[in-house]
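Since the structure comes first, as structure tokens, the remarks are kept for the end.
The first chain written gets the first letter, and so on, giving A, B, C, D, E and F; residue counts start at 1 in each chain.
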Amino acid sequence: MACFVIAYVTSPEGAFMYSVCVRGHAMIAHSFRGELFGPAQRLHGATYVVDAEFRALELGPEGVVVDIGRASHALSAILEQLNFRNLDEDPAFANQNTTTEFLARAVFDRLAVRISAGELGPGSERLAALRVTLHESHVAWAAYEAPLSNRRGEAAR
Amino acid sequence: MACFVIAYVTSPEGAFMYSVCVRGHAMIAHSFRGELFGPAQRLHGATYVVDAEFRALELGPEGVVVDIGRASHALSAILEQLNFRNLDEDPAFANQNTTTEFLARAVFDRLAVRISAGELGPGSERLAALRVTLHESHVAWAAYEAPLSNRRGEAAR
Amino acid sequence: MACFVIAYVTSPEGAFMYSVCVRGHAMIAHSFRGELFGPAQRLHGATYVVDAEFRALELGPEGVVVDIGRASHALSAILEQLNFRNLDEDPAFANQNTTTEFLARAVFDRLAVRISAGELGPGSERLAALRVTLHESHVAWAAYEAPLSNRRGEAAR
Amino acid sequence: MACFVIAYVTSPEGAFMYSVCVRGHAMIAHSFRGELFGPAQRLHGATYVVDAEFRALELGPEGVVVDIGRASHALSAILEQLNFRNLDEDPAFANQNTTTEFLARAVFDRLAVRISAGELGPGSERLAALRVTLHESHVAWAAYEAPLSNRRGEAAR
Amino acid sequence: MACFVIAYVTSPEGAFMYSVCVRGHAMIAHSFRGELFGPAQRLHGATYVVDAEFRALELGPEGVVVDIGRASHALSAILEQLNFRNLDEDPAFANQNTTTEFLARAVFDRLAVRISAGELGPGSERLAALRVTLHESHVAWAAYEAPLSNRRGEAAR
Amino acid sequence: MACFVIAYVTSPEGAFMYSVCVRGHAMIAHSFRGELFGPAQRLHGATYVVDAEFRALELGPEGVVVDIGRASHALSAILEQLNFRNLDEDPAFANQNTTTEFLARAVFDRLAVRISAGELGPGSERLAALRVTLHESHVAWAAYEAPLSNRRGEAAR
């Protein structure tokens, strides 16, 4: 099985990993299907406080992982698509339980598309990985993290 | 205008105010009516992290404001009535916008009833005031506080 | 000594107090004059995470203390006047130590002006008091609170 | 019954209230007596994260409520008396349940003594009230607040 | 040296990692042996706010990492074994300094046993790794993380 | 490409990773160069709440990752070099944008030097990796993490 490590890579210059994280939030309604969910099968809702952590192996010439203004704007734009909505009626989530972990992946995927499209600026090809965390209360959260596909080919070589 | 102060009352024994606060949470769906609310007129939801702060002028013989176990249980029982529900369909809130400040009052009123009914134990007549705070996100919260009615008559004398 | 209480006022309808709080932040540079301040006499800076808590004795017809969107916008507009600046060079603060408590008052005063000017909407005459808290780190904060002047005359009668 | 309000006092100059708060912590062991406490009758322990909020009606010439360095030092000195100890063996607490609310009062009293003794500097006579909050977990806290005795006489006149 | 990576594994389907985290707490007494610990050699105590983060490479059919209700219940059951106790008298910890990092491992091990025993439900074989974090105050925490043994054999192949 | 994993290493004894984290803070002024930064090109400032997370594969004989007292002292000493200063005038940062991610690396490097010099005590050769996180507000943070060089040679073998 092929395996690679994004976190710590040795090289003549050494090993390193930078992160920058921005926060936003969205307030949504939804319901779940499956006995597993008990009373959460009823229509209810959540405030998701969302952290998007952008990771890079090195800093750009300005000394940043990513333009934090653009990163924050991209996260806000994605959360605006969810905010003040009933996710049960969103065609993008048809036949899906929009659990916290599922939504962490959904936000990740939408951020990855924006990164690939260059929305985060010229240095965003430096971004090696992304972690999206959704806090659903003071006692529970979920996250999804993965290497970014624009780095995957290179790193796996 | 009649006026009284629950917070600081001078007396031969001095002035003082104790608080004990417990936290719970509920995840609900709802919508608002009124142009004021903009996109929040749509069906959406929230996680409310709820603090109930019980206040007393003095401690009971055991050194407590209130039995914290009973206080926490009473708050949980009230939040369970809201948790995993669409508040738009709750007859208790018919024709009401269940805003965060409105719900803070609703939780207050339900706790006050339980206190009056003696659910918080023999020393709960010591409770002078209550503050209920609902955190709706990392950037917004609302609260309702008032003297407890079992004290109002006495204090206003 | 004349005295009045904004927090708890008895009346035939009872006593009560609602709050709504919104959060923003600003990142500033400044220095202090006075031996009291030790190394803080040097040019340094702070991130202020700012809470503005609006208080009212009753809710408006929509069930709100204040239009939270307008409240948040007003706070942001005030913080934008401070953000990314050296307060030592701001004429508004000439000959002043811009301590955390002083700035809490400054934000309060600017919010009070906007409230008086009607920026927070038609129901803002309901606002009875305001509390502004500036968190300067995880171990220190300062606040300023007062009745709002549009209520002062009425309440003191 | 004599009554006075420390929070909001009308005067020709208006009504106002400043706060400055510093944070510290202590890690202690103790046990409680009384059936009320259930399993907390056993020897156990707590981390108390302690906030001391100093309140004044006006700022001193330097623009501060109190010298924050001295305030923080005074709080630390008091917490050091509790830190890494079994409170059941502390003669100061003999025959007392050292509940969170009781300890909030104990820290308050010790701070008040230091304030009276002038440890917080020349302007500490401005201090009108003090609130001490002990966070015992992410879901419970207790507090004690009162006017400071050096102000009590004056205010009650 | 044999090495494997649980975090990022490339495969035709790509690389990914989900987390779900639940929080609980326990209040304990203990003491430490060794000059290293200074005053913490005395009997004292702590509130541990405990996060258990469950990790999986993919979601189950319901869209979850793990049944969050069962996960939370398992964590609570383990913390109940510690809560309101003097760990110096717990035979499970004889001749051990129950430091925060040691206890993070102890909670991890007990959760791993419950996962292996199937207590977290049918999909728990998906769980690839676990991270347990104990917050001992607002300024210090410790954690233990490792792959789960039911995955270890498979992953190391 | 040479690759190694510090996080999870299989061995006859199994795979594991401990962390201990301590927190401090510093209040600084600075400005940035580059259009990317918009208004942050002006002289402004920040409070950085700094977490230093020390990681080890195993515990020492006392049951600790590192002497938490020495770790905290080392972090404080480094933050004291930054605290209450204008970083634009610090020769160590000449011609550098002292962004949050850059400073996370700077604090990392200075901690690594102190670890190598033995300041954290006899067991600090156990330390495998370090993560330094700087929280710049309630909505943004940055981090730098890497294996510690004293382990790098060994681990890469």
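FYI, contacts are C-beta pairs under 8 Å (C-beta built on N, C-alpha and C of every residue); 3 or more make two chains touch, one makes a residue touch a chain.
If you're wondering where the values come from, they're calculated on a predicted model, not measured in any experiment.
Ranked by how far their CA centres sit from the centre of chain A, the chains are topped by D. The chain with its CA mean position farthest from that of chain C is E.
Between chain C and chain F, the centres computed from C-alpha atoms are 36 Å apart.
Chain centres here are Cα means. That of chain B falls 24 Å from that of chain D.
Across the assembly, chain B contributes 4-5, 7, 23, 138-139 as residues in contact with two or more other chains. Against chain A, in their complex, chain E makes its touches with residues 4-5, 7-11, 14-24, 59, 62-65, 67-69, 72, 121, 157. On the chain C side of its complex with chain F, the touching residues are 23, 25, 27-30, 39-40, 42-47, 49, 83-86, 136-139. Those residues of chain B lying in contact with chain C across their complex are 1-7, 32-34, 36-38, 96-102, 104-105, 129, 133, 138-147, 149, 152, 156.
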